[in-house]
Amino acid sequence: MTTNNPMQIGVVGLGRMGENIVRRLMRDGHRCVVFDMNLDAIKTLEKEGATGSSSVADLVTKLSKPRALWVMVPSGDVTGKVIEEVASSMERGDMIIDGGNSYYRDDMARATSLSEKGIHLVDCGTSGGVWGIDRGYCLMIGGESKIVEHLEPIFSTIAPGIDSAPRTPGRKGKADTEEHGFLHCGSNGAGHFVKMVHNGIEYGMMAAFAEGFNILVNANAGKRKSESDAETAPMEQPQFYQFDIDTTAVAEVWRRGSVIESWLLDLTATALFNSPDLAGYAGRVSDSGEGRWTSLAAIEEGVPSPVLTTALYSRFASRDLDDFANKVLSAMRKGFGGHDEKKG
Amino acid sequence: MTTNNPMQIGVVGLGRMGENIVRRLMRDGHRCVVFDMNLDAIKTLEKEGATGSSSVADLVTKLSKPRALWVMVPSGDVTGKVIEEVASSMERGDMIIDGGNSYYRDDMARATSLSEKGIHLVDCGTSGGVWGIDRGYCLMIGGESKIVEHLEPIFSTIAPGIDSAPRTPGRKGKADTEEHGFLHCGSNGAGHFVKMVHNGIEYGMMAAFAEGFNILVNANAGKRKSESDAETAPMEQPQFYQFDIDTTAVAEVWRRGSVIESWLLDLTATALFNSPDLAGYAGRVSDSGEGRWTSLAAIEEGVPSPVLTTALYSRFASRDLDDFANKVLSAMRKGFGGHDEKKG
Amino acid sequence: MTTNNPMQIGVVGLGRMGENIVRRLMRDGHRCVVFDMNLDAIKTLEKEGATGSSSVADLVTKLSKPRALWVMVPSGDVTGKVIEEVASSMERGDMIIDGGNSYYRDDMARATSLSEKGIHLVDCGTSGGVWGIDRGYCLMIGGESKIVEHLEPIFSTIAPGIDSAPRTPGRKGKADTEEHGFLHCGSNGAGHFVKMVHNGIEYGMMAAFAEGFNILVNANAGKRKSESDAETAPMEQPQFYQFDIDTTAVAEVWRRGSVIESWLLDLTATALFNSPDLAGYAGRVSDSGEGRWTSLAAIEEGVPSPVLTTALYSRFASRDLDDFANKVLSAMRKGFGGHDEKKG
Amino acid sequence: MTTNNPMQIGVVGLGRMGENIVRRLMRDGHRCVVFDMNLDAIKTLEKEGATGSSSVADLVTKLSKPRALWVMVPSGDVTGKVIEEVASSMERGDMIIDGGNSYYRDDMARATSLSEKGIHLVDCGTSGGVWGIDRGYCLMIGGESKIVEHLEPIFSTIAPGIDSAPRTPGRKGKADTEEHGFLHCGSNGAGHFVKMVHNGIEYGMMAAFAEGFNILVNANAGKRKSESDAETAPMEQPQFYQFDIDTTAVAEVWRRGSVIESWLLDLTATALFNSPDLAGYAGRVSDSGEGRWTSLAAIEEGVPSPVLTTALYSRFASRDLDDFANKVLSAMRKGFGGHDEKKG
C-alpha cells in the first residue's frame, strides 16, 4: 500500500522508535530528511533512501515550506532543547511534531511559546514500542485542527491501519481516523494527555498480570516448611497450596479464548517461554513519567485511581524506595512488642 | 474441521455457556446428550441434533460406559448438588467434568469423595463468556492425567485451537495443548485454581481501564466552577484540565498498535460506541467469587497483590459496602474540626 | 502560667481556630489586635480584652514596629488575598505568619515575593482543630531562623506545652521546642510541608479506623440471607460471621491499654457513644487539600505511599467520583459475560 | 488499689506478656500458680510470690475448683496443644482462658470441643505489648456470659482501669466494663475477632506513619542529582523538594496537640530519638496472623478494606515476596520497549 499523498518530512532522533518511523514512512512513499547525534544512524537510513543532514539547522534548510519536522527524542528534557533548536531555524507556518514521551503540560507551554513566532506544535503520543515497524504505531494527537489535517498523510502511514483489528461491531460506512489507529484528541497537549493515561492503564494491566503470576508461582507455598513462631503466621491450610503450576504453559493457554487476551499477555508468554524463572531479571522496575503523571492527574481531578497508583507504587517499592518506611515499621514493632526483626 | 475422535458426552446445564459448548461439540462431530431444568433449552438443542433427556438419571442411562458428563452450572452451590445427583446414578470408571465457576477447594473435596466410588472428577475452568461459540473457550483443567488424556478430544474441540493466536516466537515443532487453548494444570483443583487467578487478573485489568477512562472523562474538570472553601481543596491548576476527550474514539484508537491492545479494550470500545456515556448502567459492579478467592490465596500464600485486591474492593465500594466506614470518617472530621458534611 | 515575654500581635481571621488562638494568647499575657469580616467576632473578642479594628489597614496601624500579624484564614485562596492586603500596609521588617491550610509551595512563592519589600513570611502549620483552646495547638513552622526566634513567645503560648505529653524516654535536660509542641522545621514552606504530611498520615489513620469498624459492623454478615447466583458469590462460611459487635463499646475499650490508643480513637468513641449507627452522617467525606498534596509529594519524590493515597481515593469514591469507572466495569461485564447489573 | 475479690488462677506461659500478667495479678491480691517450659521463668515468679509447678498436670492439681487457668502462649499452633493438655487434666466446670494470638475460628472450634467435657473456654484478645505491666492490658473477651462474669475480678485487675484515659464526654454514672479496659464482646470467638480487627487497624495506622515519615525523609529529593533518561522520569520541580527535615523532632512535636497523637507515635518518637536513621533495622517487617485474618474477614464479609490490606501487602513486599511479580514487569518492559533493567 502506497499513500496517495506523499509528503516530505524531517525527523530528528533516530533511536529505536525514530528509525523505524522513518522506515515506515519511506516504505509508504514519503521523503524523509533525518538527523541524529549518532552519525551511524544517519548513514544507515541514507542507505535505505533517506536524506541525511549534518545538523538540525542543515536539516531544516533541506525541507520545503511549510516545513514539517518530527522530533522523536525519548526524554522530556532533551525534547525541549531539541524543539527550541529546531524552532530557531524555522519560519512562520512551519510545523513541529513532538512524538516523544513529553509531559502534556510542557507541550502546552511550548505550543504557546512557538505560536508567537507563528510556528505550530503538534503533540503526538506514540505507542508501539520496538514492534511498531511492523505493527504500526498508535497515535494520539493534540494541536490545531488545520495543522493536524495537513499532516494526516504522515499519521496515516505511521498508524497501523484499519486492518490491524477487526472492526468494532456496529461501526459502519467510512472509517473514522481512530479506526486507522490515529486520533486528533483535542487542542495542544491533548495527545500527550491521552498517551499519559494510556501508559497509566498499561502500568495497571502489567501489575495485574505480574501479581497473578506471582500467586501462581507460589501455589506450592504449602509444601515449604512453614516457619511458625510468634512473629510469623503459619499457613492455616497448607493442603490448598500444593500445586506446581507451569506458568509458561498457563501464559500460553490464556492467549487463546480467555477474557484476558492481550498483547501484554503475548509478551509475557514469550518472556516465560524464553526463561520460565525469568532469572535474567533482578526485579527492579523503572517508571518513565507517564505513570506518575497519570496519578497526579487523577488526584488533581479528584477521581480515584487506586489500581493505577498502586501499580506505580509497587514499582517504587521494587526499587527499595520504601526502605525508611519499612524501618519505621520494624522500629514500632520493636517498641510495642519487643519483636526483633527476623533474618531474611 | 472435524475431530478424528468423536466421543459421546452428557451435558447438564444449558445456560449461556452450556448450550454453546454443546453446539461447538456437535459441530465437531461429538454426540451430546443434554439436560436442563428449562425444557425449552433441551428442545432447542434437540432440533440441532442433540439427544434430550428427562432427568439427570435419564441422561446418565443414555450414556455409554465409561460415561463422560459435563456439568455446566454457573453457581458453586448448585454445582455441588448437581454433581452429587449425577454421581448417584453413575458407576465406577465414569467421569464428571465440572466446568462451572467452582471454588477449587470444593473440587478437591468432591474429587476425594467421588474417588471412593471410583468416579473421576475433572475440574475445568472455562473462560470465554458469551462469545465462546465462535472464539472457543480457554480451558484450565485439573485432575488425574489418564482421565484428562481420555477426554482430550472433548477439550480439543471446545478450545479455540492453535490458529486463534499467532504462535509465540521461539515455539517450534508440534504444538503443546496450551497452544490449542487447553491445559492440564495439575491435580484436582489445579484447573479452577488457575481459572481463579485468571479472573483475579481480569478484575485488575478491568479496573485499570475503568480508572483510566474515568480520568479521561474528567480531563475537563478545570472547566467546572470549582467549589473552594475550607472543606474542599480548589483545583490548583485548572488550566491543565480543559480537555473534552472523546472516550469512544480513544477506546477505538487504542485497539490498533498500542501496548494495551486486549479483548477487554475491544469490548469497552463496543460499549462506548453503543452509548458514549454508558447511561444504561448504574455502576453497581457485581463480583462472582474468583476475585475474592484470588485475594484470599494471595494473603494465605503471603504474596502481595495490592492491585488485584484493590480492584476487588472498588467493586465492593461501588455497591456502597463502605457505607459505615465513610460515616466513621465524617464523624471523626466533625469531632476534631467541627466540619459538617457537605451536601452532594 | 503567664509568659515572661508578652508581645503584641495582630490576628486576621477569627473563625473557629482564629478566635481560640486569640484567647489562648490573651490568657498568657499577649496583647492582640484583631480583625474579621464578621463584626460580631470582633466584638466578642473585644469584650474579652482584645483591641478591635475596622479594617486590615486599621489593624496594621495599631501595631507597633516591627509588626507581627497572624493570618488565620482556612482556605488557601483567601489566604493569598489577605496576605497581599496585609502586606500592602506593612513596612520593611514586619512579619506575617500564615497559620492556615496553605499549600507549602504558595508560601514559598509568597515569601520570595514579600522579601523584595523586606517583609518576612512565616508559614505555620497549625493542628488541633476545635479543641486547641484547651489542648493547645501543634505548630510546624517554616521561615528565617531569626524571625522564628523573635516570634517564639507567641509560638510557645499557642503550643500545648511540655506537660501535655509524658517525656519521651531517653530525653534529658532542657527540653527542645518540639517538646513544648512547636518546631522550626526549616526554610519557608517547611512548616506547611510537615503539616501537609501530618494530614496525609491523619487520612491514613482515619481510614484504618473506618475500615476496621466497618469490618466489625459486618461481623454478622453470615446471618443475612445470602444472595447466591451466578453474579454474586455466596458466603463460603457464614458460621464465622455471626457476631453482633457493640462497636461503641469496642471503641471505648480500645481507649485503654491497646496499641491503637490515639486521639482519633477518642473522637470515634465519642461519636459512636452519641450515635451508635452514625445515622446523622451520609458518608460523603470531604478532603481539604493536604491529603492530595501529600500524595502528589510522594509521587514526585518517587516514594510509595499506597496507604495514604488509598485513603484519599476512598474519600473520592465516597463522593461517587468513581461513577464513570464503575459504569465501564459493568459495561465490560455485560460485554463478555452477558451479565446484567443487579439491582442495589 | 487491691481488688475486693481475690481469686486463684493458673497461668501457663511466662513469656514477655505472661510473666507481667502474673505480676499484675499478684500486685492486686490474686494468687497465681504458674508453669512454663523455662524453669527460670517459674523460679523468678516464685520469688515474687507465685506458686510454681512442675508440669501442666501438676499446676492443675494445685488449683481449687472450679479451676481457672490462663493460657498465654503467643503462637496459635502451640496454644492449641497446650489447651488440649490443660483440658486433659481438667474437670467439668473448669475454665480455660486463651489469652494468646489465636485465630478466632480456632477458639470457636475448641470451645465446642471442650464444651462436650463441660469445660468452658474463654478467648481473650490481649493488647498492650511489653508495656502492659504498668499500662495494663486492653482485654477483648469472648465466651459464655456466666463464665465471663465469674472471671471479672481477674479481667478487672489485668485491664488498665478507668483512670487510664479521660472519660468520654457524655458518659455518666457507673462506668461500663469497657471504661475499665475490658469488654465481653460476645460468644466464643468474639474476643479474638475484635482483637484481630484491632491488629488490622494497627497495621494500617503503622503504615500511615511509616509512609509519612518516608515522605519527610525524602523531602530533600530535589537536591540529589536526578537521573534523567528514557527509563526514569526526572523530577519536574526539584525546587519544591529541598528540605532537610529532622524527623526525630517532627515525631516529637506531633506528640503534643496534633490530630495524630497516639501511642504508636510515642513509640516512633522514642525509636527515632534513639536512632534517627533507624540504622539497626533492615526493614524486613514480619506479620503475625491478625493482619492477614482481618483482610480475609473483610473479603469474606464483602466490605472494602483497601488501607488495611495494602498495609499488609507492604509488609509482604518488604520481605521481597513480590520478587517474581517484579521480574514479570521487567520482562514485559523488555518485551515491548526493549528496556533493559537499570542497575540499582
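Think of it as A, B, C and D in the order they're written, each chain with its own count starting at 1.
In this text, a residue touches a chain if its C-beta (ideal position, glycine included) is under 8 Å from a C-beta of that chain, and two chains touch if they have at least 3 such contacts.
Computed from a prediction, not measured in an experiment: that's the story for all the values here.
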| item | value |
| --- | --- |
| Chain whose average C-alpha position is farthest from chain B's own | C |
| Pair exhibiting more inter-chain C-beta contacts, C-D or A-D | C-D |
| Averaged-CA centre spacing for the pair chain C and chain A, given as whole angstrom | 38 |
| Separation of mean Cα positions, chain D and chain C [Å, integer] | 29 |
| Where chain A and chain D are represented by their mean Cα positions, the distance between them in whole Å | 44 |
| Touching two or more other chains - residue numbers and ranges from chain B | 129, 207, 209, 211, 214, 218, 236, 259, 263-264, 270, 292, 298, 300, 302-306, 310, 313-314, 317, 322, 325, 336 |
| Contacting residues of chain D [partner chain A, same complex] | 16, 74-77, 101, 103, 129-131, 206-207, 209-211, 213-214, 217-218, 228-234, 236, 263-264, 267-268, 270-272, 275, 278, 281-289, 292, 306, 310, 314-315, 317-339, 341-344 |
| Interface residues, chain C side, partner chain A - complex | 259, 292, 295-296, 299-300, 302-306, 309-310, 312-314, 316-317, 321-322, 325, 336 |
| Chain C residues touching chain D - in the complex, by the definition given at the top | 104-105, 108, 127-129, 132, 135-140, 159-162, 164-166, 168-171, 176-183, 185-187, 189-190, 193-194, 197-205, 207-209, 211-212, 214-216, 218-219, 221, 235-237, 239-246, 249-250, 252-266, 269-270, 273-274, 294, 297-298, 300-308, 310-311, 313-314 |
